[in-house]
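Structure in structure tokens, see below.
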Amino acid sequence: MKFKVSAELGYDVRSSSTIVLNIHALRTAHQTILSESLTISPAIDAEELTNITTENRFVRLDIPEPGNYNIRYEAVVDNCFEVRSYAEYSETPLGSIDAGVFVYLNPSRYCQSDKLYRLAENTFGKIKGNYNKVVAITRWIHQNVEYLSGFSNSETSAYDTVTQQAGVCRDFAHLGIALCRALTIPARYFTGYSYMLIPQDFHACFEAYIGNQWLLFDATRLAPLNGLVKIATGRDAADAAIASIFGNVFSINTKASCEMFENEPFVPVYYPPSVYDAYTYS
Amino acid sequence: MKFKVSAELGYDVRSSSTIVLNIHALRTAHQTILSESLTISPAIDAEELTNITTENRFVRLDIPEPGNYNIRYEAVVDNCFEVRSYAEYSETPLGSIDAGVFVYLNPSRYCQSDKLYRLAENTFGKIKGNYNKVVAITRWIHQNVEYLSGFSNSETSAYDTVTQQAGVCRDFAHLGIALCRALTIPARYFTGYSYMLIPQDFHACFEAYIGNQWLLFDATRLAPLNGLVKIATGRDAADAAIASIFGNVFSINTKASCEMFENEPFVPVYYPPSVYDAYTYS
Amino acid sequence: MKFKVSAELGYDVRSSSTIVLNIHALRTAHQTILSESLTISPAIDAEELTNITTENRFVRLDIPEPGNYNIRYEAVVDNCFEVRSYAEYSETPLGSIDAGVFVYLNPSRYCQSDKLYRLAENTFGKIKGNYNKVVAITRWIHQNVEYLSGFSNSETSAYDTVTQQAGVCRDFAHLGIALCRALTIPARYFTGYSYMLIPQDFHACFEAYIGNQWLLFDATRLAPLNGLVKIATGRDAADAAIASIFGNVFSINTKASCEMFENEPFVPVYYPPSVYDAYTYS
Amino acid sequence: MKFKVSAELGYDVRSSSTIVLNIHALRTAHQTILSESLTISPAIDAEELTNITTENRFVRLDIPEPGNYNIRYEAVVDNCFEVRSYAEYSETPLGSIDAGVFVYLNPSRYCQSDKLYRLAENTFGKIKGNYNKVVAITRWIHQNVEYLSGFSNSETSAYDTVTQQAGVCRDFAHLGIALCRALTIPARYFTGYSYMLIPQDFHACFEAYIGNQWLLFDATRLAPLNGLVKIATGRDAADAAIASIFGNVFSINTKASCEMFENEPFVPVYYPPSVYDAYTYS
């Protein structure tokens, strides 16, 4: 499936500043970038950086002069979303998890899994199998947390959302991650462009590590899983900010869109058509 | 300088469990392991894992049977601690920081730098130069936070310690890291064996990234910087736990020691002999 | 029913200090003090104070000299515990609540009801009747929170316990209070001596205001409701500390006991024998 | 000095609801209400309630029908603001504080003094005299906390503001109260109408109990102390909300104003003209 994604960001830069953007589509085995462009006006140099561990692609703008800056990213991305039978996913014994995956068991800024052990164990501990546990977590979040713009803020964490029961996609993802880690299931944050998300915006959800694979889960159920174009993964939103700003800069505009590139038939896959299927998106 | 380090850990394992230890001395350009041994009794297999990003060395024990387990690690490590003139360290412009280092600017579980921006800016913002800022942070923590065993617990974070003003080495390190990141200075957690630390135990301090180098800082001032044998680095204590336990396991014993291997002359270097020197330990 | 209660407190006073004790049995319409004595050794003056709003009885000790001080309080208290049919309790419309009771709707230090609105509404909002809501809250806490000495500390609040799901009687009470207030049911903290509590100690539970009465609830289910001798009420534990210490004082001993004064037949009433009975204890 | 104060509140009531207002000027020895009126349109009954402890005056509106409701309160108040020499205020020994005042030493929802002991002691502990301590606290807050609308929210507490260093009058007051209590100085929240406050609005500051008097302090320095018309006091903002809403109600308008009733000469008194004067306002 080919998607055309775009992001448009506007900044009022008041003094020489650095902005690190994380809006480029990721290159993965299942996601190929057919074309892409980044336009900055007025023109300044942009350096692309790649985190060798996560392969997240950053662009660093060192902006010497104050002014209004507009950034436009466009890409055509070919995605190969796999739906596989859950039967293919045997459990991953803790003993066979890679050292690189282990860090996704650790608590992080917005996912304080160390404070959620009892709640996670009491609520999901008796469910057999990690896949079923994550399905149950996702459903529980969907049932208990209301999607409510403006309720949460940049400091809101899973520890807040578990009780306050409202938030946006970022909060849904953080709570899912924290509950997984509390059950010794590695989990990480996912950001992307999202086809059919209304209104169009960047989207966030999470991946859990099951059967030696990162599987995608979205407790918001607001967007089809097979319409996501991956931008980045990280421990939580702290690692995958769309823009990290260092300096006296005001954001004046943020837009993202994702549409079909060609007129292909698209059957939206919402999670879960049945609890026996898992969605790999890696 | 050659040190002989040892760790002794005892566990009462009540059911089949996994323990991941992070007690092995790190291999770095400045730290060579001359010999080491790991003894587990009763004997079970231990798999060594290395995180390719941090190079932290983990040992995973999959313990099939309940029982009392004792783990003893011993190593002889040759350390080459460099004291360099601060004049050698020019500032690192944000624009020249590696993508791999950028993550150490992000807030983490115990180092919520996003909540400390104003305090950090108001307190240290006018000091010229990142090195001087970190020296000032270290001194400020030393003056304002009391070393007090038992005051803090495993949930205590920099956001608590900044106000509650007491804690142990871990808390001192977290606060240092959080303040650095709030000032856009990458910082990370450091664990190690510590010569002349009284009483003998594992020690924690922090590193700040200045002049394209990780420099070591210890706000506790309890141990000479040139007597540290590095075990691990990470975003905070969540990444560098001595032991991560998965299962029904009780810790019954934890000891660490560090002594001179040969009768070498040792001049303890405490931070800072003068504010104009920096200590590299990488 | 006549109970003999006693408290014994020991302090190591290092400098001239003030200690305010709140260990005297309260005088209420249903609780008569037949005899009581307070012995302080070495002897110092003690001033009794009564808060005119709550009628809590405080004793203030101004201790001029360092030393070891022992305080012993003994009382014989005649209690008249009423079990009434729930049918007697009509709902209290908000509009008929006294101004003095309104403050027990406000969030307090350990009962941040303002952060629990959604959880309370989502979990208990559909239950008809305030009495039934509080019964359900009490049962929910009993089912979800484990009684675990040493898990919580003096800073632990309802916002922590709701997620961390473990604590002592104080934490059970705080969570009950916070959930009631979040549902617009006035609630307050209750401390007392407790017959048949094992091991013997001071006990804490909570009262909810229903049908123009304060009714007693105890989510721990550790002690019979009709074996409680009331000491104090307050917004939360901050108002009803057994001892408030101002100065350089170390607590070396705290004991409380409650036994039958005469050989009366005692039928322990645990909450609830049936959900249709309410227990007034005022 | 005679002030004319007015408040105008508008609500969109979606279902039958109760609103408890706390906008009436308080009657005190130093504040006489010459005239006042409360107009509700459309007309509904309003019941005035007075908390016997704090003497705060509440008005309860039981609104049976949905609709838009406008409330207008107007009063002419004669105030007698006293400036007295600090020399008149001897210290209040803890031993002579009333039981009713003791509760203002306890931590409360927004003023977690129990978490600020060390910071308060380390920062202000060596200052001689409670009056001087509170002056220093007020100055410290003024210097370290920036007045910034929109930075804080209804959950923000003194524990946040002490580190995050920005907020509105409510946050300044909470921090002042928490620091006082941490130093064993009773302190309480004050709300009022405020002459010369720009823009015109309700104002909040705090009172500390010194020399058996409640003295007024305002760390914002935004309004003259002798231009305040007292509405309420309480442990913190939880006790002194302008409006407490129970039901499905949206606030659509909140205005407050305070002007001179007659053309009297007014010499604004800002705190402190000198550190040796104290302002009583009770």
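Structure notes:
Note that the chains take the letters A, B, C and D in the order they are written out, and that residue 1 is the start of every chain.
One rule holds in what follows: contacts are C-beta pairs under 8 Å (C-beta built on N, C-alpha and C of every residue); 3 or more make two chains touch, one makes a residue touch a chain.
Fair warning: this is a prediction, and the values are worked out from it, not measured in the lab.
The interface at C-D recurs elsewhere; of B-D, A-C or A-B, the pair that shares more than half of its residue-numbered contact pairs is A-B. Relative orientation of chain B and chain D, expressed as the C-alpha superposition rotation angle, is 180° to the nearest 5. Per-chain Cα centroids separate chain A from chain C by 47 Å.
Between the CA-based centres of chain B and chain C the separation comes to 45 Å, rounded to the whole angstrom. Chain geometry summary: the mean Cα position of chain A and that of chain B are 30 Å apart. Contact of a single residue of chain D with at least two other chains is seen at positions 115. Contacts between chains close into a ring here, every chain touching precisely two others. Chains touching one another, given as pairs, are A-B, A-C, B-D, C-D. Contact residues of chain C toward chain D in the complex are 18, 20, 47, 49-53, 56, 58, 60, 62, 93-95, 98-100, 102-103, 105-109, 111-112, 114-115, 154-155, 184, 235, 238-239, 244, 246. Considering their complex, residues 115-116, 118-119, 122, 144, 146, 159-160, 162-166 of chain B touch chain D.
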